[in-house]
Amino acid sequence: MYKALNTEVAVIGAGPAGLSAAIEAARAGAEVVLIDENAKPGGQLFKQIHKFFGSKVHGAGVRGIDIGKQLLQETKENRVKVRLDCAVWGLFEDKVLGLVNQDKLESIQAKKIILATGVSENAVSFPGWTLPGIMGAGAAQTMINIHRVLPGKKILMLGSGNVGLIVSYQLLQAGAQVLAVVEAAPEIGGYGVHASKIRRAGVPVITSHTIKEATGKDQVEAATIAAVDREWNLVPGTEKTLEVDTICVAAGLTPLAGLAWMAGCECVYLPELGGYVPIHNGKMESSVRGVYVAGDLAGVEEASTAMEEGRLAGLSVAEEMGYVEECEAEKRREEITERLKALRMGPFGEQRDKAKQKLVQEWQKKLDQR
Amino acid sequence: MAKEIRSAIVLTGVPSIEELKNSPGFPSEERLKKGPVAVIECIQEIPCDPCEPACPSGAIKVGKPITNLPVLCEDKCVGCGKCIAFCPGLAIFLVDTTFSKTKALIKFPYEYLPLPRVNSWADAVDREGNIVTKARVVKVETSDKYDRTAVVSIAIPKRFAHKVRGIVSG
Amino acid sequence: MRVLNHPILGKLEKRRMVKIIVDAKALQAIEGEPIIAALLANGIRVCRRTKKRNEPRFLFCGIGQCTDCVMTVDGIPNVRTCVTPVRDGMQIETQIGSGKWSVQGVEY
């Protein structure tokens, strides 16, 4: 037989969005179970050993690992039930979750569900792309910052978004050599300051280039890079071969929306948000009543915004359940929205803001159609 | 991608001297001649402002919105270097062109191991990581408040004061 | 190669070492670390070989999502080595194709 449990709020995914959502709902008085398939909570947060941007209210200047510790402390203080090593394999009608906990099956009946399942890294296919030593940039980050092993010694980074730039820096800190960051677009995708750090360390950032092929016998031994034109075609005669034992791919993230699909949530394809993303009403409620979304699942962004979205979701849930009065909830919602707005300003932020707004617009369209 | 800013930093990751001199965080030549002063090399509008509360003299202003580029009030800046460790982008330096008759002092954030040893020699690099001169390590500051960002001071020939922003690590 | 000292994370704390057997060879691992970390620390970079072309495969996502890193562990195939902690005496084998079940010496 399997265990069948009841709870008020089930939060799936204990990364920054899930942790924040659970804390917010629990603080208001709801009974919250926070579920994560990993042995340790925190999602990608405990790999972010750099200091965060933003303002004091966002934890600026504090390293991601320490923000993570604060959040964990708050889950304890608010008596959030954290269930680790629990993979949610199904999300059924009437908000029933199917779980597998090590080798035991469980089902949980929840009143409200918050999905904060995050994203997975994209692969890029080029000849040789399956060779050992070619891995996601996040995988390299996990190895060095969590498991304290080098994934390799001579590394080529593909992609100059913030993930590629930051992980390159962290690889240097861990003692690896980063031969170059290669970027297919003509401009660097991430923040200038992240690129400047690694340039000072002698790492070239080669724009308008991509990997033509990787070679090696049982692992990658060399990578050939080549220039690309404005139509992303390889330019013949521009090939350069680098001796590497590792290639890190930082070519974007895709939301893990499987449970959202299963629950019947409407998803819309937005490449600027990472792929198929569940739409929501601006208060983080999806097209399925009682199912909420937050964090990178609701569009790829960053940890700071994930935390604020998590809080919005937790607040909405608590308000729906009567734990927070309407005017109190509005006040709190405004506070969180202000902080979120501040993070989505400037040329980088504005694009993300526009993209995230599309989800709410799609939700409104659906509503108007009914 | 920041489409509006088509400049050196977006194309290469290295800000050009023009971009820097045109930014509000860069001190004037006049001020640089007077003594140690902060040099804030932050030229993109990113929501970020911990440099403002980091300065004990109130010489750095970001205000609202927090995407404003930090403004260095060079007359208020006493060149203490306390701001250096607090910039999450590691984009603040200190330059003292009056360190000695022939040398300038450069202070920069450093997050690698091993930490350089005081009085040792190091290879000083420019913003592109090119070695431009030899440097004498004058000071290595760590503190709990700096949260594992060390602040390293090096003495270099004066003529490299606008170029040198670090050392070869390891 | 292990990152013994780190400018932000500090010194790697001393933990108990365990013995794992990888393709009949005894290796040292840190108790509780994922199998893939122990492999990397011991210079091993192949987890399995594909059925059709016998091509080597290793780590890709590192967080249990992609299954590129699966090996046969204690007789059970398709074990994700990036999320499975080592155990003293664990038997780990390079998996060929989808592997074979041989738990408790019984082949399925």
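Think of it as A, B and C in the order they're written, each chain with its own count starting at 1.
Keep in mind that, in the parts below, a residue touches a chain if its C-beta (ideal position, glycine included) is under 8 Å from a C-beta of that chain, and two chains touch if they have at least 3 such contacts.
Just so it is clear, the model here is predicted, and its values are computed rather than measured.
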Taking each chain's centre as the mean of its C-alpha atoms, which one ends up farthest from the centre of chain B? C
Identify the chain pair with more contacting C-beta pairs: A-B or A-C. A-B
Quick check: how many Å separate the C-alpha centres of chain B and chain C? 44
For chain A versus chain B, what separation do you get between their C-alpha means, in angstrom? 31
Approximate Å spacing (C-alpha centroids) for the pair chain A, chain C: 26
For chain B, write out the residues touching at least two other chains, lowest number first. 111-113, 148
Chain A: positions in contact with at least two other chains: 63, 173, 175
Set of chain C residues in contact with two or more other chains: 6-8
So in the complex, the part of chain B that touches chain A is made up of which residues? 1-6, 9-15, 41-50, 53-54, 65-67, 86, 88-91, 111-113, 125-130, 147-149, 165-166, 168-170
Residues on chain A engaged by chain C in the complex (per definition of touch): 37-39, 49, 63, 65, 120-121, 123, 130-136, 138-140, 142-145, 147-151, 153, 173-175, 218-219, 256
Footprint of chain C on chain B - complex, ascending: 111-113, 148
Name, in rising order, each residue of chain A that touches chain B in their complex. 50-56, 58, 60-63, 160, 172-173, 175, 185-189, 191-203, 205, 207, 342-349, 351
In their shared complex, chain A is touched by residues of chain C numbered 1-4, 6-9, 12, 33-34, 36-37, 40-41, 45-47, 55-66, 82-83, 85
